[in-house]
Structure formats: C-alpha cells, structure tokens
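Okay, got some structures for you below.
Both of the next two complexes hold chain A, though its partner changes from chain B to chain C.
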Partner chain A sequence: MTMQSRSDSPALPQRRPFAKRLLDGLKPSRLTVPTFLLAWSFLVIAPLVVIVLFSFLQVKAYRVVYTPSLDTWISLIDSGRWMAAVRTLRIGITMTIIEFVLAFPFALWLAKGCRSKTVKAMIITLLTIPFFLDAASRIIVWRSILGQTGAVNTALMSLGITDAPIDWLLYSEFAVHFGLLGTHFPTMVFPIFMSIALIDDDYIQASQDLGGGPAQTLFNIIIPMALPGIVAGIVFTLVPLMAAFVEPQLLGGGFVDLLGNSVNSALQQLKYPTAAALSTVVVALLGICLAVLVLVTRRRYDMASMFVAIRR
Partner chain B sequence: MLTDPITRPSSAPARDAGTKPAQPILEVIDATHAYDGVVALDNVTVRAAPGEFLTILGESGSGKTTLLRLISGLEKPYRIGALRLGGVDVSEVPAFQRDCTTVFQNYALFPHLTVGENVEYGLKMRGVPVAERRTRARNALELVQLADKYDRRIHQLSGGQRQRVALARALVPQPAILLLDEPLGALDEKLRVDMQVELLEIQKRLGMTFIYITHSQEEALTMSDRIILMRKGKIDQEGPPTAIFDRPVSAFAARFMGVENCFEGELIELSGGQAQVQVGERRLRGRWSGRSIPKVGAKVAVGVRAERLHLGPVAPTAPDHNVLPCGAGGAIYKGKYLDRTVTTDIAPIKVRIWNASAVTDQPSRVWWHKDDCIVMDL
Partner chain C sequence: MEHDKIGANGLPMSRRGFMESVLSVTALGAAASVLPGLSQQAWAAGLPVKGYGVTTAQPKDWSRVTQSIGIQVDYTPTNADIGVFMRDVMGNDLTSTHDVFIFDGGTEDLLGPEGYYAEIDENHPELKLWARTPDSWKRSSFLRADDKQYAVPVIGNGDAFGYFPAAIDANPNGLDEVPWTTFFEGENVKGRVAIDRSWLQSMAETANYLKHHGRITVEDPADLPAEQARQVADYLVERKRAGQFRTIFTAFEEQVQLLSNKEVAMINCWEPATKEANNALGPNSVIYAFTVEGYYLWGHGACVAAAAMDRGNVDNIYKLLNYFLDGEYRAFQAKERGYAGPNMDLGVQYAIDHGWSKEDIDGLKWAEEKVRRKFQKPFFCKVVPEHADVMEEEWQRFLNA
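Right, the complex of A and B next:
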C-alpha cells in the first residue's frame, strides 16, 4: 500500500541537466570500450588492412594500378627477399633470448638486491637514455669504434694481439646484434623489474622458510609471479626487433637485410606494394610469435587469475 | 576416520631418538640485534623444551618478531652467543636449511599456487615424491578441516581458511619447531577464540614445539605452557601463565597482565614476603612479588586487580585489609560487569562489580585483602 502511494506521488526528483544525466549514466566500461575500439580501428587496424590490400596491387609508372594481382608476392619469393623474413625472425628471437638472459638477473638485482635508493634511481634514469637519443645518431658512433681502422682494431693491433684488423666487427651480423643490444635492453628490463618489485618479500621469505633454496625460490616463486612482466618484456622487445631498420642499415653494411630495412629501401624506391607485402610478413610473423607465446604461457599458468592474485 | 593425520614417514629419522627429554630443543643464547641503530633485541636468552607451547608476549616494538626471525634464520643477528636447534648450532645455517617453519602474520600464501600446492610446497622443496607429498598435504588439510579445498586458489578463501592453510603448510614438513607470528591477529573475535582451541589441540596431538608470538595477554594465558614477557628488547619476566598472572615482577608486567590499579610508593618494611608501602599519605600492605629484595626506602609499585576490590559504606576492621576512604566517580557498563571508578586521595581506582544490583550509589570506603595486593619492582 505504502509502496503504491510512493510511486504514484508527484514528488519526482527534479530533472537535472541533460549533459549531467548523460555523464552520470555512463559507466567506465560503456565509455571506454567503444572509444577504444573506434580510435584503435581508425588509427591502427584500418591502416593495417590497407597495407595488406596494397600488397596485392601494383605500381606502374609511379601510378597505382587498382587491379588485384599476386605479382608482388611472387617476385618477393622469386627474388629471395623472403630470406630476409627468415633472417629477421632468427635475429629477432636470438636477440630477445640474449636480452632476456641479460635483463632478468639485472632486473632481479635491481628490484630485490639493490638496497640503495639512490643507486636504483640512477640506474633507472640511465636505462632511459636510449629513449631520448635518436637511434641513428647513437648507432653511427659504433662505425668509428668497430670499423677496420676503428678504436677496437687499432687497440688490438697496437697491443700485438692481432696482425690484421678483424673484419667481422663491422658490417656483419655480429655488428647488427651488437647494435641492437643496447637499444632493446631497457624494454626488457623495465617490465620485469616492475613485476619483480611487486612481489612481496614475504613470499620469498616464506619460500626460504619452507626449505626452498635460492634456485628453488627463483623457479617456484619469483619467475612464476614475475611472468606477466616477463611476457610484457618479451613482447616489447621482440616487436620492435622485428621492425628494426637503423641497426641493420648502418651496421649491416648491406650484408644483413632484415625486413625493417627492406621495407625502408622499398619505400625509397617507391615500390609501395613490395613495402606493403614485406610489412604484412612482419605483422604475420609477429602475430604467430605472440600466439605461440600466449599458448605456451597459458598452458602452464593462468595469466588472468595471476593478475588478480598479485593485486591481493 | 581421522586417526593420525600427520604421520611421520618411516623413512624419516625419529627426531627425539636418543635425546634426553631434559635437553632443550631450542636454545637462543645472548642474542643482540639492532635495526638502523635501534636496538631490537638486547642480550636475550630463550630456551624451549620439546613439545612445549612457549609464548613470547609483548607490545609491538618489543623485539618479539625479531626474536622469531632470528630463530627462523630470516634475520641474521648482530651478535649471538649460540643458536641451537635440537642441540645443533645453526647460527650459520641459512633459513632454508633450518628445521623450523613459520606461520606468518599475513600468512604469505603463494597466490599463484592452489591450496594444495601451497601445502605441498615444503615437501616439494625437500624432494619428496609427488604421490607421498599429495597424501601428506591432504592429511594436513584434513587436520585443519579444509580437505575439500585442495584445488582452490588462495584468493577464493576467507581469512579464517587462509589462516588454516598457512598452518597446514607450515606443519606438513614436520619441523622440530613451529614458529607462529601473531597468527590470529587478523581474525575476528569469535574465529580467534575457536582457532585458539584448535591450535592448542593440534599442538598437543602432534607433540610439536610451538613458539607463539602475540601481543594479547588473554591469548598467552589461554594457550601457553610458558610465557616470556618482553619489553624493549629485553625479557621482563618469564614463567608459566599462573606465575606471571599471580606474581608479576614489575609494574609493566602487572599492567600487561591486566592489573588495572598500579600506584607508586616507597617501601617501608619487608619481611617474610610481606611488604608495607607508603603511598602518598596512606600505608598499604601486600605480598612482595618483585625480582630481588630491595632496600627499605626504595621506590616500588603496588598493584591490585579491579575485581578484588570491594566497595561499601563500612569497611571490615580486620587488620589484613587495606582500606581507603573514597568518593564516587564514573561507571562504565560492560554487560557482564560494571566498571566503576572511585576517587581516593592516592589516585582514581577502578573497581569491577559483578553484581550490578549490589551497587551503592555513594560508597565511602574501598578495601581489599592484603593477599590481593601485589608489591613489585617499578
């Protein structure tokens, strides 16, 4: 009875301005999801689709011919440029592994071993240097160090260690690997450092207390709990590695063709469909790599529930 | 039916074989530790007998957690005479090789493992085969009444359940000593009381040595075989619960054990355990319970529990009572009893009245028997 009379009563709440009601009615998920999808499809997905479609077109006399054909793809295979894809994948994965092997112990020390806050802040600042220097100007310096008449060879020869300059130091796969090392180290360190820093010391101590030695604690507690950061580090390192073009161009000296600099040179020659086809290969390879990564980690660990667990 | 949930596997050597029962299972001798120049432990010596439930009682910052961490090896002492577990010096042995486990205050259950994997963890670290550790983990979960939660994740459990999992995880490796760092601190009142009983039953059943840390005197009194009361990194008093409760050696111990009324006074006479103390204008008599016999004229503390006080218009005239004239003060209703404060010329005194109907509005006398009056070190 009282319910009835209450709903019938004319004392409705005063109508508030439209904009205010609209804002109040919006839930974060209702706002975020469509905005994100719209922006992302416009900024990223649409160009990607265009690139893939473009690889099936041809350019004749500086004009795009809008007739679908497989010519670009066939010439890609015939000219042996697909070898660049294999090389890119090989170097990308090798470098990711090298970076991980170097970065994980470093991140572990930075997060749990380094007691001084000043040292920690200093190292984190130093790690950001690759981000605020242009890659080309950073890399070109290595030419004068690694070259035939460079600092390293001069030093080696004047010390009598070698008679002739070591020629594989520059314009070789070694040089490309070496050049990529510094650039992609911070992107591997930071996510791993963050995720290890988030592991409560109590978990590590509980493991020790229950009889876990240092190696057992590392493999049973620290690595599984840092897995989200490790995956992020691998993604953020592998993805730019697959598209690297400065290092192979400047330190490879034309001997190390990777997809990144192939795309670059194709663009300079105005071979847009070739560039598009090569880019499609990069994207496809990355997609496969990430899919493998997700499958491997998901089989062993439930990532979603891990994020829930770490929050607690 | 549950017979003996944690049975020692036949392969493991019996721990107490060949040792005399008199030999302490734990000896911490002259431990000193400091954090950033602040002394946390000051020459503390602790011994525990096998199967003993030893409680380390103290306020936060008294050094009790530091002591526990020294025993477990998670903290390396600044200076220590000896640290022996089962007669073997372990002061240089790292935490993961010591035969003791800890139930942490916040449980520290591994969030990426299931309940069962958490409980098995200690056995896995010791290389126990999968089948055996699974059986033993299930048995331990049965012991803490969580047998059906084996495959759950930690974040799916309630606070009380997490506490039990932490206990099971620490029990499964069958340590010589179980260290418990305020394990019931995060639980609500009712659960805490239930868990006290359960912990005690498990301890008696397994005959394991428990070193239990708490800041709650009620918890310490209920559960312990022996209590060590700590104050500012030192041991203030140690002994069985009844001794500490009835005969606190200092005003600090007395207040910690719930002696509501403590006064400062000057010792006038001490003979045969009977003391006379001058407090303000009054002369009070009580039994001496301090550490050493002080000189006449020394400053001492006089304590009396609120429930041992009587209020009324006329005091008994027998000479074995301390009687003070008093005026009415405030009263706090506590359900089972009434806490009444009366003013005297020494200090305000808190009186506990169990029979609320017997309250006189205007009491003029407060008195207590001299045997209920404790005289101790300040």
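Right, the complex of A and C next:
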C-alpha cells in the first residue's frame, strides 16, 4: 500500500546540486563572452594601443622623448625598414603556401591512409620535436651542412656534380625558406590532420559508392569538411612567420632581414618607438591577411563554426 | 613517540635541536656585531663582487681570481651591444644589484654625469697599483667624463680584420700591412668577406677607410653626421650589391665558426676569434691584420656602480679593480686573447715568476709591442656617438638593401 501510494504520487522535480546549477547558469552569452572580451582587452588590446601610441614618440641619446611626432614613421621609410615589411609579407605568404601544399597531402595520408596506430603515434611524436627544441640550436646545425665547406657541397663536389661550392645554399633566401620549412610544418599539419581525422569514413565511402572519383571526393567532401582545420593551419603558420627572426638571422646571414630582425635590432638600440611602429606594421599586415582569408573563404565556410562549441 | 628526522650529519634532528641551532647562530651574530674592530667591512669580506659586462673582459676562469685575491666574483656576461648595455643599466637598474660594470670606454660620458657610476677613488688603499699605472692608459679619454675619473683601464686593442694569408697572397708571417681596400674591394676575396652587424664598428671602419682614401670628408670616423653617414651607407650598399660580402655576422661564436669552417677569407672580427680559429686550424692559419689605414680603437674600463658605494663591499670591489691592473690578469688576457692593457711589465714578471715558457713570455711582450705599433696609425672610436641615431638609421638602409 505504501509502495503503491509512493509510486502513484507525481514525481517531484529532482533538486540538482548547487555547483551543477551554477555551472549550468554560466551560459556563454552571459559570462564567457564578456569575460573573454574583458580579459582580451586587458591582455592584448590595451598593450596594442600603447604600442601604437608609443610609435609616435622618439628616442634621443638612448632616452625616450615624450613629444608626439611622425619622425619615427618617416624614418621607417628613410631607413628602408619598409622593405623588411614587404619582404616579410612575401616570405610569410610564400612559406604558408609551400607548407600547405606539403602539409595537406601528408595530413590526409596520416589521418586516412596510415592504418598503423604505432606509425601514426610515432609520426605525431616526431612532429612535436620543433616545439620542444630551442630554435637556434636546431637551426644553427644547418650552417655546417649548407656552408661552402659543408656536407652538401662536399658531397656534390665529391660526386662531380659541381666543380665549386654552391654559394646560395647558405646566407640566402633559399636557406631562410629551408630553415622555416621545418619549423612551421607541424603548425600546418596538426590542425588539418585533426579536421580530416574527424571526417566520418562513411562520407568518403558514400562518395565512392555514388561514383565519385578521387578528385571529386577530395574537392567536394574532404576539403569542404576540412576547411576549419585548413583555415586554422594557415592562421597558426602565417602569424608566427610574420615574427620569425631566428632562421633569417642564422641562415640569412644578414641579407634576409625580416620584421622580427628589424624589431630586435631596434630594441637593442633602445629605439622603442621604432620597435613599436614596426610591431604596428606587423599587426596591420596580419589583420589585412586574415581579413582577406575571411573574405575568400566566407562563401564556403562560416568562421563562427570554429566556435560552435561555445555557441551551444 | 617522537619521530626525529635524520640531519645532514646522520644524527636525529629534533625541533628542539633546530631551535637551539637557530638561537646559537643568532647569538653569535649579535655578539660579533658588537665586538670591537669587527666592522661591517669585515662582515662583507665574504661577499662576492657582482659584475656585469662584455665577455672579452672576463678571465677564462674566475676561480683563478678567487685563489689570487680571495674574493669571489659573480660576473654576468653580455655582448658588445651598447643598446643592450644601456637598457640593462638604466632601464633594468642593474646598479641596484651589480657592483662593477665593464664595457667599451665611452659609457661614462652618459652614465657618469647621470649618477649611475661612482667616481673612482684613486686614493683607495686597495687600489695599490693605480699610481704606477701609466697615464696613457688610466687618463685615456674613454675612461673619463667632465674631468672626472669613472673607470679603471682593463684591456684594449686596435681592431681590424682577420684573414687567411693564402687567400690574398699576403706574407704568412702576418707582419705586413694589409689595406682595407682588400677587405672592401679585393676581387680575390669577393663574396668571401664577412662584416660585423655592429654599426659602431663597421660604419666607423668604413668611414676611416673612405676618409683615408679621400672619398669622404669627416672629422671623426666614429661619429658620423647625417651626410657622412649617408655616404658611408651608400658605399656599403654598393659593395653589398657588388657581392663583396658573404655574410653579416653578429656574435663572437659566429666569428670563430666562420673562420674555422673557412666559410670566409676576411672578416672584421675581434682578435680572440683568430686565436680560437688557429686553435682549430693550426698556428698562423689566420692572421689578425696590421692595416694601412688605421684601427678601431677600444678599451674596456671597469666602472663602479654609484649604489655599490653604500653596500658595504667597497674594499672587495677595489681589490678587483686593482686585480685588473695587476700581472696575473694582464698575463692571462694577453696569452688567451691577445689583448694588451696597462702594466704589461707586471704581466711579463708574473709569467717569469710562474715558470711560463719562453714562447709564452715572448707572446706577452709581443702583445704590448703589437698595440704600440697599431697606435702609430690613425685610430678612432666612440661608443656613444652624438650622431648615433642617424648612424643606426643609415645602417638599417645597408641591412635592408
């Protein structure tokens, strides 16, 4: 009887623990977005504004003169530092394209072609090496390999392929591109690999079952579904490339000065306004590049889908 | 039951025992502080002297200093970049933590009058060798500002370039003068010349070369007004585009590597780089040049932080300053790096007293003779040029060309 009455009574809504209710109440729109905006403004936007303002000051005799002027900006042109900006943009975009061309097929094979879990784990581990090895230590080794008396030139001359050492292997744009290749390959591969790995194999199978060729499957199924990873790969590769200075310094031999080197050089001379102006140029160039990227991909890809988890 | 921990001596360590130790040490300290004659200086006797400065000034082994004069030196090395040095001393306030600064003479022009450096107390009892140090070293303009002495001379040299004699058909004994023309325009070394990224040195050397050959008119090649800086940069850009330079180097280790790998035939490096390269390639493989046109003169001075004068470690600081004037430091700097300095006779005497070989002793004598010979030529240097801003801007034009 008692049992019956209990089962017949309407079920009371279960009272959830306080912590869970609190967590449920933390909807992105209410807390996360304002917190993010506040923190981001404090950590990034505010220093950026200070940097821009600082670029309108000058340094005289190692001391900052707090009188606003355009002299620092004019000196960027007179000193030829603007050429470093153009060179940086050119090398940054070229390297991003090269990395994508190499990384996409590799990531596709790693995600869908490589069946051995051991090999896959080993390759992923190998790809992380650039992240935990100091860049200078990793790059400087190439000097003894690419130099006039280095391993490559010695081998080429021993084999009779060349009569004299090839100069452009080191201290050239080629050497800088070569050095950047290894550093930024993983940042392009990982996001693309992740996005391709998440594509359900059934989609690919369905494409084949419906008579789609490999190219059709690639362009109509894989690339559109991997687009978030591709965009992320481009962003994570292009942005650090714009600030690269170790490879140009060590392999460019002073002939391939990028914005990173120019900023470094200005800081060493205590020319903070010049460094600030150059940094402003970097941020502006990146902003333009990313705006172009958004415009190009917006027809096929909604940037907001990268944050779909937050929207939920 | 009391669970005593085991102390470093292997005996049980109790809370009571720990408290007894702390109280004993405190009592001993309190007693010592009131004992007559036990001054703050005596307490400081065990304090290390903290130094900050260029790598070239440091001995290869600081423990030698401790063995010799009984003080420990905690030295933080930096490169020869004036901007970095100024940033650290002024911006990062290193005077609050470091006692002695060693850099190319010239920083005292700014840091002395502004109160970062203390005037040298020439009568300090620990500065025993000051009186016998020749005026040609100690009264040098790059150790003084506003008629005040801000530094003790440490080492000095006249910088030029290193070269492989076979590459330019030069006398392998290294005694002949080699013109800077070979460095800048020599066809036989085209594409195999390395130039220093430091504009202080490279622009001054280029300006002196152009001045010597009547191609520019400038009073001080180390301090170029806007027009002359532009002319020098134009010339360097022209040589860069002509393919004269193989690389623009930055660090001492790079100088050694470029020579040791025979990547370049000429390089306006520091003299120790040629010594290091010869250690790898064999004696006299690389020669440090006597030049036709002149030298980039530099001298390191040891300056005392003004704040250090109130830190109770002044005696040790002056002991170290005196060590820089003494024979042991002089002998090892000349032997290991090829640098000269004041009181070389004490260095030679040190070598004799310590049974150095005749070859080493002759080497010390040669170091002094070499510098004397160099200074018969024009020399130039200004670490803090008045026109630093325009020189740096023009140098950027060369780098970006």
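A few remarks follow.
Methods note: the second predicted complex is superposed on the first by the 270 of 312 C-alpha atoms of A that agree within 3 Å, B and C clash if a C-alpha of one lies under 4 Å from a C-alpha of the other, contacts with A are read in each partner's own complex, and residues count from 1 in each chain.
Here is the rule we use: contacts are C-beta pairs under 8 Å (C-beta built on N, C-alpha and C of every residue); 3 or more make two chains touch, one makes a residue touch a chain.
Remember, it's a predicted structure, so these values are computed and weren't measured experimentally.
By the touch criterion stated above, A:184 is placed in contact with neither chain B nor chain C.
When the two complexes are overlaid on their common chain A, residue A:149 makes contact with chain C while staying clear of chain B.
Within the superposed three-chain model, A:206 lies in touch with chain B and out of touch with chain C [touch as defined at top]. Of the two partner chains placed by the overlay, only chain B lies in contact with A:221; chain C stays clear of it.
When the two complexes are laid over each other on chain A, chain A has no residue in contact with both chain B and chain C.
Those residues of chain B whose C-beta lies close enough to touch chain A in the complex are 72-74, 94-97, 101-102, 104, 106, 108-112, 121-122, 124-126, 153-155, 169-170, 173.
Remark: chain C residues 81-84, 86-87, 90-91, 110, 191, 197, 246-250, 257, 261-263, 384, 388-389, 392-394, 396-397, 399-401 touch chain A in the complex.
Across the complex, chain B is touched by residues 200, 202-203, 205-214, 216-217, 220-221, 224-225, 301, 305-306, 308-310, 312 of chain A.
In the complex of the two chains, the chain A residues touching chain C come out as 59-62, 75, 78-81, 83-84, 143-144, 147-150, 167, 170-171, 249, 253-255, 257, 262, 265, 267-271.
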